[in-house]
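By written order: A, B, C and D. Residues from 1 in each chain.
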Amino acid sequence: MKRIGVFVCHCGTNIAGTVDVKAVAEAMKHEPGVVFSTDYQYMCSQAGQEMIKAAVKEHRLDGIVVCSCSPRMHEATFRKTAAAAGLNSYMVEIANIREQCSWVHKEMPIGTEKAIILAKAAVAKVSLNAPLTPGESPVTKRALVIGGGIAGIQTALDIADAGFPVDIVETKPTIGGKMAQLDKTFPTLDCAACILTPKMVDVAQNEKIRIFSYSEVTDVKGFVGNFDVTIKRKARYVNETLCTGCGACTEKCPMKKVPNEFNLGMDNRHAVYIPFAQAVPKVATIDPNHCLMLKSGKCGLCSKVCGAGAIDYKAKDEFLEERYGAIVVATGFNPISMEKFDEFAYAQSKDVITSLELERLMNAAGPTGGTLLRPSDHQHPHTIVFVQCVGSRCEACAEKGKEYCSKICCMYTAKHAMLIRDKYPDTDVYVFYIDVRTPGKNFDEFYRRAVEEYGVHYIKGMVGKVTPENGVLKVQGSDLIDNRQLHIDADLVVLAAAIEPDKSARPLATMLTASMDTNDFFTEAHPKLRPVESPTAGVFLSGTCQGPKDIPETVSQAGAAASKVIGLLCKDKLLGNPCVAHSDEMMCNGCSTCEKVCPYGAITYEDKEFRMPDRTTKVRRVAKVNEAVCQGCGACTVACMSGAMDLKGFMNKQIMAEVDAICK
Amino acid sequence: MQEVTRDALLNKALELLKNGTVDRVLGYRVGEFSYDVTPAVFENEDALKKDFCWNSFCGANFSKYLISETAKTEKKLLVFLKPCDSYSFNQLLTEHRFDREKVYAVGVPCGGMLSGKDLREKVESVSDVSVNGDKVTVKTLFDGDLEFDFETLLSDRCKNCKSKKHVAYDELLGEDGEVLDSHRFDEVERLEQMTPDERFAFWQGELSRCIRCNACRDVCPACTCEKCVFDNPNSGVQNKAAADSFEEKMFHIIRAFHVAGRCTDCGECSRVCPQHIPLHLLNRKFIKDINSFYGDYQAGAEVGSRAPIVNYTTDDPEPSEAVERGHGNA
Amino acid sequence: MRKISLSKLPELFSAIAKTSALYLPVDTKAGAKFEAWAVGKTLSNALNTVRSAKDFFFPQTENLMDFKVEGKNIELIDTRKECEDFVLFGVRACDVKSFEVLDRVFLAEPQDTYYKNRREHALIISTACNKPQETCFCGTFGIDAAEPSGDIVTYRTDDELFFDAKTEKGKKLLDALSSITEEADEKAVDQQKALIRERLQKLPLKDLKTEGFGSGKTAEFFDDPQWKELSSACLGCGTCTFVCPTCQCYDIKDFDTGHGIKRFRCWDSCMYSDFTKMSAGQPRLTQLERFRQRFMHKLVYYPTNNDGLFSCVGCGRCLAKCPINMNIVKVMKALGGREDA
Amino acid sequence: MQVNEYKPLIVAFCCNWCSYAGADLAGNNRLNYPADVKIIRVPCSCRVNPMFILRAFQRGADGVILCGCHPGDCHYTSGNYYTRRRMALLFSMLDYLGIEKERTRVEWVSAAEGAKFAATMNDFVETVAALGENKRLEDLRCKK
C-alpha cells in the first residue's frame, strides 16, 4: 500500500470560495493509502511547496495528490517539488478543483462534494502510479536536407552556419531547384539568379556542407537523433572530383537533340550536359538514355576530349549509408500536368504555355535568350492572355486539378504581365482571374501597379475555351463583372498551372513515417504551433513540401526549420517523455495492429525466443516501442486486443481506477 | 454434398507426403458417429489411411491448430481449406500468426456443411447419416430411416455463405467457386428495424443464456491472443463467469469489438455455442457498419490489408451520424 | 403407484406449484431448459436439458458473503438465506445420479452449507428415458435409465404418467396429489420398463465398460502416450465442464462494488489455463495435462476417493456440445475401456 | 429546486491538448455546467478504450462523453480520427443492443471553446437526465 499525501489548495478564495477545502482534506484522510491530508492557502507558493516537501519527509510519502488548479497550470511545478523532496516526479497527480470545480459551480455543498470525488479519483490513480524516468538517447550531430532548392539551400546554410555538418541530397545533377529557373521575383523584380546563385556558391564552398547531387534517399531507419539513411548516388558516368566543368565534352557530344529539361523542353541539350552555367556542382552528367556509348558502345568522344579523364562509362550506382540526428524535407513542388486540360489546348498548340515556361522564355539564359518569342514561329506575340487558377481551387475537377489555392500564381502572373508591358508596351495583356489574392508585404501595391501603371487588362472570369486557328489562339472567356462573353485572338496563352508536391514526396513520407495530407503535402506537427516540424520527431519541413509558398515564405520557413534542427543538434542527449507506450511481450501477439495506428512509426517488431510454461521454447513476434519516438497518444493501446500495449502514466488500470472512484 | 471425395483428399495427402512436399497433414479424424469428426494432425500414411475423414460434417476451422502446430516444429504441414477457412487463413497471415513457409494449403470446394448439433436437435437417436447428392438419409435407432433435403439440414452459417471462392491456396482440388451475393445482413437489418426496447429485450434474452464456456472465443480464428483480456487478472476486466447480466454484455461487446475488422464472418462462434446464442449477429453488425460507413471491406480477402478500424479518412461520419446510419436510416 | 392422464398434466403442475416452486424442462429455441413452471408452460419432450440439473444446487455464480472495509475495520455481512422448498420435475436417471456425485463432494465434512441448504429443500421427481439417444451411456456407470432414483420416479406412456414414490418426502407429495391422480397397477410400468431396456440394448455405446478404470489406476494411465493425440484438438474451452452434471470445480473471487466487496464463487474449468493457478504458477502447464486431469478425475481420481464411484454419469452432453467433438467416450475407448469388457 | 431531483452521473474523458484545456477555459470564464460532470484527463481521445466506457456504466455512470480535438487538429495528428471510427462503431453496436444512444456522445472541443464545452455539458446532462437512470448497462451489484 502506498503512503499518499493529499494537499488541498485554497487558491485564496478561488477554490475556498466554493469548496470547503477543510472538508475535502478531512474526507481524504479516510481514503485507502492516504496517510496525510492537509489544506493550505497557496500550495504553489514557496511556503506551500516547502510544506509538501516537509510532509514527504515526515510521513515518508511515496505519492502526492495536489487538489488545486488545472494540471496544465502547475503540474510541472509540483513535479519539481516532488523531485526536490526526493520523490520521483511522476508520483504526483493533480485534482483539478479550480477550473473544473470551484469556478464552474456556485454552491458550496455541490462544489465540495465534487472536489472530494475528483480528489478520490486522483488518489485512486496515484495509488497505481509507478516511478517514471525519461529515456535518454544520444544525438548524432549531423543533419540531412532532402532537396536542394532554395528551401534546402537556406536550411543547409543556416544549420552549417551554426557549426553542424549538413548533407544535401538532390535528385537533379545540380542544386538550385525551381528558383534557378525563374527570371525575376515578385514583388521587387530582382533577378532570381542574382540572388540565388551566390547562395549556391556559398553551399558549394561551405566546408560543413556536402552536396549529393543526382542522388536519392532510398531507405530511412532509426529515429530522432539517430536516423540511418541510405543514399543512392546515381551513376553520373563523370567523376565528380576530376571534372572541372570546362564543358568540352558537352560541345563535342554528337547527341544534340535531347530535350533540355532545364528549359522545360523548349530547346535541346547534349547527351552529356551541365544543366546551366551556374550549376552547383559544376560537373557534367551523362544522360544514359541518350548517350551512344552507353546505349550501343559506339562513340566515346567525350572521353577523348576530357582533359581531366573524368569520363567513366563503367560507373555504377553507389549506395552510401549515413547517420543523421535530424532530417529536413525540402522536396518542393512541380506545376501539375496540363495534358488533361483540353479546354486550354495546351497539348494542341505550342503557343499555350505554362507560367514556368514563360519564365524560361523571358530569361536571358533561356531558349530565346531573353527575348519574348512565340514558341511556334518565334514571332513577337502582341496579344497575350493569362489564365489564372488552372487546376487550382478546383473542387469539381479533382481528377485533374487540385482543390487548394496554389497561392503564388496571382503574384507571378502580375509580375509577368508587368514585365511584358514594361518591355513590350505594344503588347496587349489580358489576365483572367477568379479572385486576385495579394496578402503579402507590398503585394497588393504590386498588383495595383500592374493594373494602374502598366495597363494590364484584368478580367474577372474564367476562360472557357482556347482554340488554335490559323496561327491564332481564339480565346473565349466570360467577364463576370460586365456579364458578357469575350472573344480574344491571342498570340500566346499562359496558364498559371496549379502546383503540387514533388512525386518523390510520397515514398519519402513512407520511409520517414511522416504523415501527409490527401494532397501529398507533408503534415506539420501542429498547424499553428509547430508548423515546421513533422509529427515524426526529428523530421522537419522546409518549403513547399508542406504547402504552397512563395520565396520569402519558403526562406523564412527554411530558417525556422534550421533553427529547430540546430536546437535539436545542440543537445548531447534527448530526454524523452516518459509517458510512452509499453508492450508486455508476454501478452503481445505480434499482430502488427498497433503499428498501423502509430502516427510516429514508433513500433517495430522482433522475433524473440520465449521459454514456455511447459519448459519448451518458442519464437514469437513481439512489438517493441521505441521510447524516443513514441509521443504517448495511446492510439496503440486501444488497437491492441490483448491489452499487451499500455501507456505509462495513463495505464488502463489507472484510468479504470479513476472511473471507479468517480462512479462510486 | 461434397463435390470432392474423401478419397481425393486422402490421395492428395498421401501424394504430398510421399513426394516430400509436406511432413504432416492437418485434417479431420473420424469419430464415433458420422457427425462427430475432430480436427487432427496425421503424422504418417497409416494414420491417414485409418482415420482420415472428409464428409459434410467437417465444419470446424483449423486456425488454432495452424498457429500451434507451425510454432511447434519446422516440419511442413498440409492443411485443407474450405473457402471460408481460406479467409481466416489470410487474416492470420495478415497478423503474422503463423509462418506461411511451413504450410502447404490445398483448397477444397465446399458444398456447405451440416452440423451434428443442429441435426440432433431435429432428429432423435441418430445412428448414421449418409449424404447422396442433395438428399440426406438419417438412420435412427428407433424411428427408422428419415430422408431430408441437404438444404434443409444445412447449418445456419452455411445458409448465408459469403463465398465459395478460395482466397488462399497452393493447390486447389476441384473447381473454385465464386464470391456469393449472400443475404447475411438480413437478420441484422431485421434487428435494426426493431425499437430499442425490442432490441434490448432480444439481446438480453440471448446473452442471458451465456455460460461463459468461452467456446466462441476459443474456436474463433480472430481470437488468437496469447492471453485474452478476460483471462488476464491484470486487465481489470477478467472474469470467469457472468455474475451479473452486465458482464454478459461486457464480454460479448468487447469480444465483438476486438474482432471488428478482423472477423471473416465464418460463423464458427455461433456453430459452437452450446446455448445457441446467435453471436455472429454481433460480428455481422460490425461488418455491416464498417461496410456502410467506410466502404466494403472483407477481412481475409487479401493478406496484409489494413482493416478500417485501424484506418481513417478525414471525412468519416461522426459517431452520432453513424449511429443513425447504423439504423439503416441513411 | 399412482397415475394421471397426460392431458391433465397442467392440473398436476398447477397443484404441485401450489405447494412449492416447481421447475421442469420446457422447450426454448436453445433447446430444453429447466424453468419455473407457470400457467401455459408445457413439459418438454426432449430427452434431456442442455444444461444439467446441477445448476439448482450448484449455480454457476453464487454470492457467498459481503464485507465492507472502513479504515482498518472489516465488517462481514452474512448474505445466506434459508432456501424455499422446490420440486424438480423430469430429472433423468443420469442427472439424479449426478447429485450423488456432487453430494460426496459438497456434503463431505466440512459441509458446504450453501449446497446443503438447497439440496435439503429439493424434491426430485425423476423420469425414465423412453427414448434414449445414441450419445447415452449411463449404463456404463451402472445407471438404469428404466429405473431412475429420486423422491418420486415417473414413467410416461403414450397417454399416461405413472408415479412411484421412493422416499417419505415423495410419498407425502404424492399423497397430497391424490385428488387429481388415480391408483394404478404396475403392469403398464413394467411394460414401459421392458420397452426402455430393449431400447437401451440398441444403443451404440452400450458395450462401453469401465472395468479398466477406477480406483488406484493412476499409474496405469497417467503416462499413456495416447493423451497427446487425444488432447491435441482440445481448444481449452470450458463447454464440457459447464454442461457436465458432475463437474464441481469452482473459483472464489472478490468483486469490489465501489461500496463494499462481494465474495462470490463461480464455476471454474480444469480446461482453463488459469485453473488452480497459485502464486507459484499453474500446476498443469499444457492443455495435455489439463485435458488429462479432467478425464483422470472422472475415471480414476474420483473413484479412488469415493469407493469406486465414477464421476461421469453418461448423460452424453459433452458428446453433443464439444466444438471439436472430443469427449470421454473417445478417451475411454482409446485408453482401453472396451478391451477390458 | 426540487429536493429529490434526479442527478445523472456523467463521466467525461477529455484529451489533454484541446478539450481538457477547453474545460479549463470554461472555468476561467466562469461558465457554469452541472457538477454531475466529472472529467478524466487522457492524453488523446484515442486513449479511451471501449472498456473504460462500459466500466463507467457498470459502476453507475448514466452517461459517458468523449471530448477531443477537432478532426484535423489532433495534437498527435490522427488520434481523434481513430476515436471517431472506434466510437462510431461502438456506439452503433450499443444502439443495436438496445442501449439508449443518447447516453454516449463524442464531441470535438478545442482549447478555445470554453463556451462550447460548457454548452455541450449542459446539453448532455439535460439529455441524460431526461432518460433517467442507466438501467440497461448497469451492474446490480454496484448499486447502493
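Please note the rule applied: a residue touches a chain if its C-beta (ideal position, glycine included) is under 8 Å from a C-beta of that chain, and two chains touch if they have at least 3 such contacts.
Just so you know, these numbers come straight off a predicted model, no measurement behind them.
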Co-neighbours of chain D and chain A - touch as defined: B, C
Pair of chains joined by more contacts [C-beta pairs], B-C or C-D: B-C
Remotest chain, chain B as reference, centres from CA atoms: A
Distance between chain centroids, defined by C-alpha means - chain C, chain D (Å): 47
Whole-Å separation of chain centres (CA-atom averages), chain B against chain C: 30
CA centroid of chain A to CA centroid of chain C, Å: 69
Cα-centroid distance, chain B relative to chain D, in whole angstrom: 37
Residues of chain D engaged with two or more neighbouring chains: 50-51, 55, 59-60, 72, 78, 82, 86, 139, 141-142
Where chain A touches two or more other chains at once, by residue number: 597, 639, 652, 656, 660, 663-664
Multi-chain contact sites of chain C, meaning residues that touch two or more partners: 255, 258-259, 262
Arrangement of touching chains [line / ring / star / complete / other]: complete
For the chain D and chain B complex, residues of the former touching the latter: 50-51, 54-55, 57-58, 71-72, 78, 81-82, 84-101, 104-106, 136-141
Contact set on chain D toward chain C in their complex: 59-60, 139, 141-142, 144
In the complex, chain C residues that touch chain A: 69-71, 256, 258-259, 281-282, 285-286
Residues of chain B that touch chain A when the two form their complex: 71, 94-97, 224-229, 232, 234-236, 258-259, 306-307, 309-311, 314
Interface residues, chain C side, partner chain B - complex: 29-31, 47, 50-51, 60-61, 63, 131-135, 199, 202-205, 229, 232-233, 235-239, 241-243, 251, 253, 255, 262, 264, 266-269, 272-274, 319-321, 323-327, 329-330, 333
